[in-house]
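Shared between the two complexes below is subunit A, which has subunit B as its partner in the first and subunit C in the second.
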Partner chain A sequence: MSGFGKPLKIALGLAVIAALIIVPMNFNRYGLFILSQWAVMTIAAMGLNLTLGYAGQVSLAQGAFVGIGAYAAAITTTHGWPLPAAIVVAIVLSFMVGWVLGYPALRVQHHYLAFVTLAFSTLAFLVFRNESWLTGGIYGISNIPRPHVFGLATNKPLPFYYVCLGSLAIVSLTVWWLIRSPWGRAFMALRENPLRAQSLGIDTRRYTLMAFAIGSALGGVAGALYAPLTQYIDPVPFNLSLSLDLLMMVIVGGAGFYFGPFIGAMIAVLLPEWLRFTEGYYLMLYAIAVMLLLIWSPTGILGILDRTMAARRTKAASALRAVAKSRMETVQ
Partner chain B sequence: MSAVLEVTNIKKNFGGISAVDGVSFDVREGEILGLIGPNGCGKSTLFNCILGQLTPSGGEVKLDGRVVTGLRPAELNKLGVSRTFQLLQVFPKLSVRENLILAGQEHQGSMASRFVGRSDAGLTEAANQMIGFFKLDHLAAEPAGGLSYGQQKLLDAAMAFMGGPRLVLLDEPAGGVNPSMLSDLKERLVAINREKNATFVVIEHNMEFVMSLCSRVMVMAEGKVLAMGRPDEVRKNPAVIEAYLGH
Partner chain C sequence: MSNMFDLLVAGLATGAIYALVAVGFTLLWQTSQTINFAQGEFVMLPAFLMLAAMHVGAPFWLAIILGILLSMILLGLAFKLLLVDPMMRHGVLPLAIATMALAIGIKEAVKQFFSAEASPFPSIVPTGDISILGHAVSLQSIGVLVVAILAVVGLTTLLNRTSLGHQMQAAAQNPTVARIIGVPVERMILLTFLINAFLVALASLLITPIYLAKFSSGEVLGQAAFIAAIVGGFNQVRGAIAGGLLIGVLDNLAASYVSTQYRAAVPLIFLIVVILFRPQGLLGRAEERTV
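Take a look at the complex of A and B:
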């Protein structure tokens, strides 16, 4: 992204934000639902991008944390709690569970870690399904209320879309702050070279646990918004396939790129809708498109952009080097 | 001169092989100690045992008189012990400046204050000075992975100095570095040693580099200390000539 001028970047950002606020005003109920879902899934994918993309810790359990957040919000709000309090409960709960799930990552890495988190994902699903005294079991929890924001009801799709969008804005700013802080740098160090990181005083244990806990907490936030969005939850949406979907969003968008989850979630949520006209073929087309993309660019969509920028930078740098060299020769 | 580092009877076994077999030595404050010996004699393993990357099978390491055996590398680094690696260990995707900020950031404030505080942990100025000191100015904003091997070696060394360490263990800093860059590196090391009173232990195969840089040299062979003394003494030692230097 560094190839654009700063004012251009700001203008582009403002235009996108304005479009996200204004354009949906004309959308129907279904369009608003899909767009709200995009905002919610982007939040969950940003969490996974932090754990996986920045800190390099593979997780197949992000869907389970969305589930934990969703159930926390569904149970508390149906008992009369306000949504902000429910979100806090979801954050604290998924942060703590995420922290504990981080411990295996101190011992195993890569596909071994993937299997540990996969087992956790299954475990969480079984709890959602079998502990019916708490979760309602296969019947789920219905009549999940939507909040009042500044005294305004958000029962209609448009106001609730703005709740989702506002939450996405807050999460985006928080993650942006985190990534550019020394913590973000330490997360990247964890991903690129944990051995060297240790020798520079970076407490890799604590940062690994933190990466899991914060990433999971964002999954919890997404869940706490998902519950009032659908107003009904059961265990099915939070099975392993949600974790795999979220993983795909991060990889397709570009793992370790700030805007990766936005794009990844857009593709995962919107593309199936656009491809609906192909009827029975849309899933196949979708699968083929994802495979082709990853063959072309293993680092995802933003990876393509990044490579283009890097190529341009290299050209500029070698030009500079040539100038420096000719100057040195002149001096000699 | 007091000892910064005291190593007593350190042992490390891998299966049936004793890679380090009862090594004892001390490093005096402000000195540059060379560590030489044939490949596989246990030099790097000794470093890893001292630095907590490996748990020694036996023996004790003291830093400023305090037992630090078994501390984790990050904890030792906080106590002022830093290192470079034999093989390149920079963060390729971060820029040169970011690598240096990363190398110093954990020495600034607490974990919480680093979250709410400045993005550069207040280290941009210090990083720029280090960049200037190691003559990497024109590369400051480049990703470290794009630097040449020798430049990455310089960056690796510069990173080891960012936290303001008292003791630095350098593992083959001259390996693969061309002669003019090597004399640069030596000059930098001597300057840091004098100005900051930092103590060094240097593993190196380049004898000219070791002999001109170090005040004392320790020779290892087959996991044991073969000789210890001033460079000219060591060079004449028949056992050292036999095991390492050759005739």
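Take a look at the complex of A and C:
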């Protein structure tokens, strides 16, 4: 992204934010639902991007944490708790479970870690489905209330969309700060070279667990927003395919890029909707699009951008060198 | 005890099918570092190809041959040339994600072009029971076991007793050295993809009469084979076989001795325990940990 000038970047950012606030005002109920879903999934994907993209720990369990957050919020808010309290419960719960899930990462890496988290994901689904005394089993939990923000009811789709967007803004700023903090650098050191990180005095053990716990906690936040968004939850949306979808979002957007999850979630949530005119073929086309994209650029969409920028910079640099060289020649 | 015996036979039969799928899975991993998340869908598809062949008038035996050939072309050749080859050098993860997308694509294509409903599928073994040691055992279980054992024995003979098999193993274990001593590594990798396609088509033929042909049936099957491959040893063919049989038996025993609700949890917990305490799998060699 560094090819743009800084003022241009800020202007672009402001324009996108303004568009996200103003444009949906005319959207119908369904359009707002999809856009809110995009915001929620972006939060979950940002969490996974921290774990995978920055700290380099493969997780196939992010969907399970969205489920844990969703159930925590559904159970507490239907018992009369306010949503912010429910979000705190969701964060604490997914943070703790995420921390525990991080322990296998201390022993095994890469594909083995993927398999452990995959098994955890399916186990979580079984608990959601079978512990009916808590989760309502296959009948799920209905009538999940939407919150009041500053005394305003958010029952209508537009106000609740702003709740999701606002939460996304808070999460984005937190993550922005986190990856620029020493913690974020420690995560990246962990990804790039764990041995060297350790020899530089980074407590890799603690940061591995942290990477899992924080990433999972963001999954919990997404879940806690998902429950009031749909106002009804059952185990089905939180099965393994959600974890796989979230992983796909992170990779397709560009793992390890700050804006990767935004774009990945956009493709995973919005592209199928745009393709709906093709009726039964839309998911097929989506799958083909993802495969073609990954063949073209395995580092995702932002990977393409990154490479063009790098190419342009080297081109500019070699042009400068050529100029300098010709000047030296004229001097001689 | 008679109940136990029946469960064991049924478990071994499903386990033998898991083993076929798991063996293919490990072969792809060994030769090309492909973690094929679409392996379950690979098992689901051939049954539909055979059904389609029968639909246009082919007799069952011809449909089987056509189905196996078509899956070797689509799931072996095309899968390798179009998806794996362009992505192999970019590492394990992007390719794994691409196979996830492929799984969605295959599922949706079957749903769209065939049917969203479950279709019955003819069995290659006559239905009925025979009596073994005073126990009634279904012919289907026996037939599945026999075919699966034949396939596995055939494969291990190919791998361990023939020059071709030795070349394949060399290509898998150390491609660079294999290339130096003149093994056509590329052709060997292609061969493992074709073998995998053959194995999944065979598994499809064996399992679909039991569970019906449905676009979503690959999910459960893929996961079972996945678990079997890891439990047994990700880098060993015999490990995958043992893992498949073990998971099949465990699954069937869990169904009747653990609650039916948590039946599916037993193999998963087993998987986690194995990975944590013996990550190379029960029969696998230790793999060097990449830094």
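Keep in mind that, in the parts below, the second predicted complex is superposed on the first by the 315 of 332 C-alpha atoms of A that agree within 3 Å, B and C clash if a C-alpha of one lies under 4 Å from a C-alpha of the other, contacts with A are read in each partner's own complex, and residues count from 1 in each chain.
As a working rule, a residue touches a chain if its C-beta (ideal position, glycine included) is under 8 Å from a C-beta of that chain, and two chains touch if they have at least 3 such contacts.
Quick caveat, the model's predicted, so the values are computed rather than measured.
Judged by the touch definition given at the top, the superposed model places A:Arg29 against neither subunit B nor subunit C. When the two structures are aligned on the shared chain, A:Lys6 is found in touch with neither subunit B nor subunit C. Within the superposed three-chain model, A:Val290 lies in touch with subunit C and out of touch with subunit B [touch as defined at top]. Which of subunit B and subunit C touches more residues of subunit A: that partner is C.
In the superposition on chain A, contact of A:Arg276 is made with neither subunit B nor subunit C. Of the two partner chains, both subunit B and subunit C are touched by A:Leu195. In the superposition on chain A, A:His79 makes contact with neither subunit B nor subunit C. In the superposition on chain A, contact is made by A:Arg107 with subunit C only, not with subunit B. Once the two complexes are overlaid on chain A, the subunit A residues touched by subunit B in the first and by subunit C in the second are 193, 195. Within the complex formed with subunit C, the residues of subunit A that make contact are 58, 104, 107-112, 114-116, 118-120, 122-123, 126, 129-130, 193-195, 240, 244, 247-248, 251-252, 280-281, 283-284, 286-288, 290-291, 294-295, 298-299. Contact residues on subunit A toward subunit B in their complex (touch as defined above): 178, 180-183, 185-186, 188-189, 192-193, 195-204, 206, 314, 317, 320, 324. Every residue of subunit C that touches subunit A in the complex is listed here, in rising order: 35, 37, 83, 86-87, 90-98, 100-102, 104-105, 108-109, 111-112, 219, 223, 226-227, 230, 234, 261-262, 264-265, 268-269, 271-272, 275-276, 279, 289-291.
Across the complex, subunit A is touched by residues 51, 53, 72-74, 77-78, 82-83, 85, 89-94, 98, 101-103, 105-108, 111, 114-115, 117, 119-121, 138, 142, 146, 159, 162-163 of subunit B.
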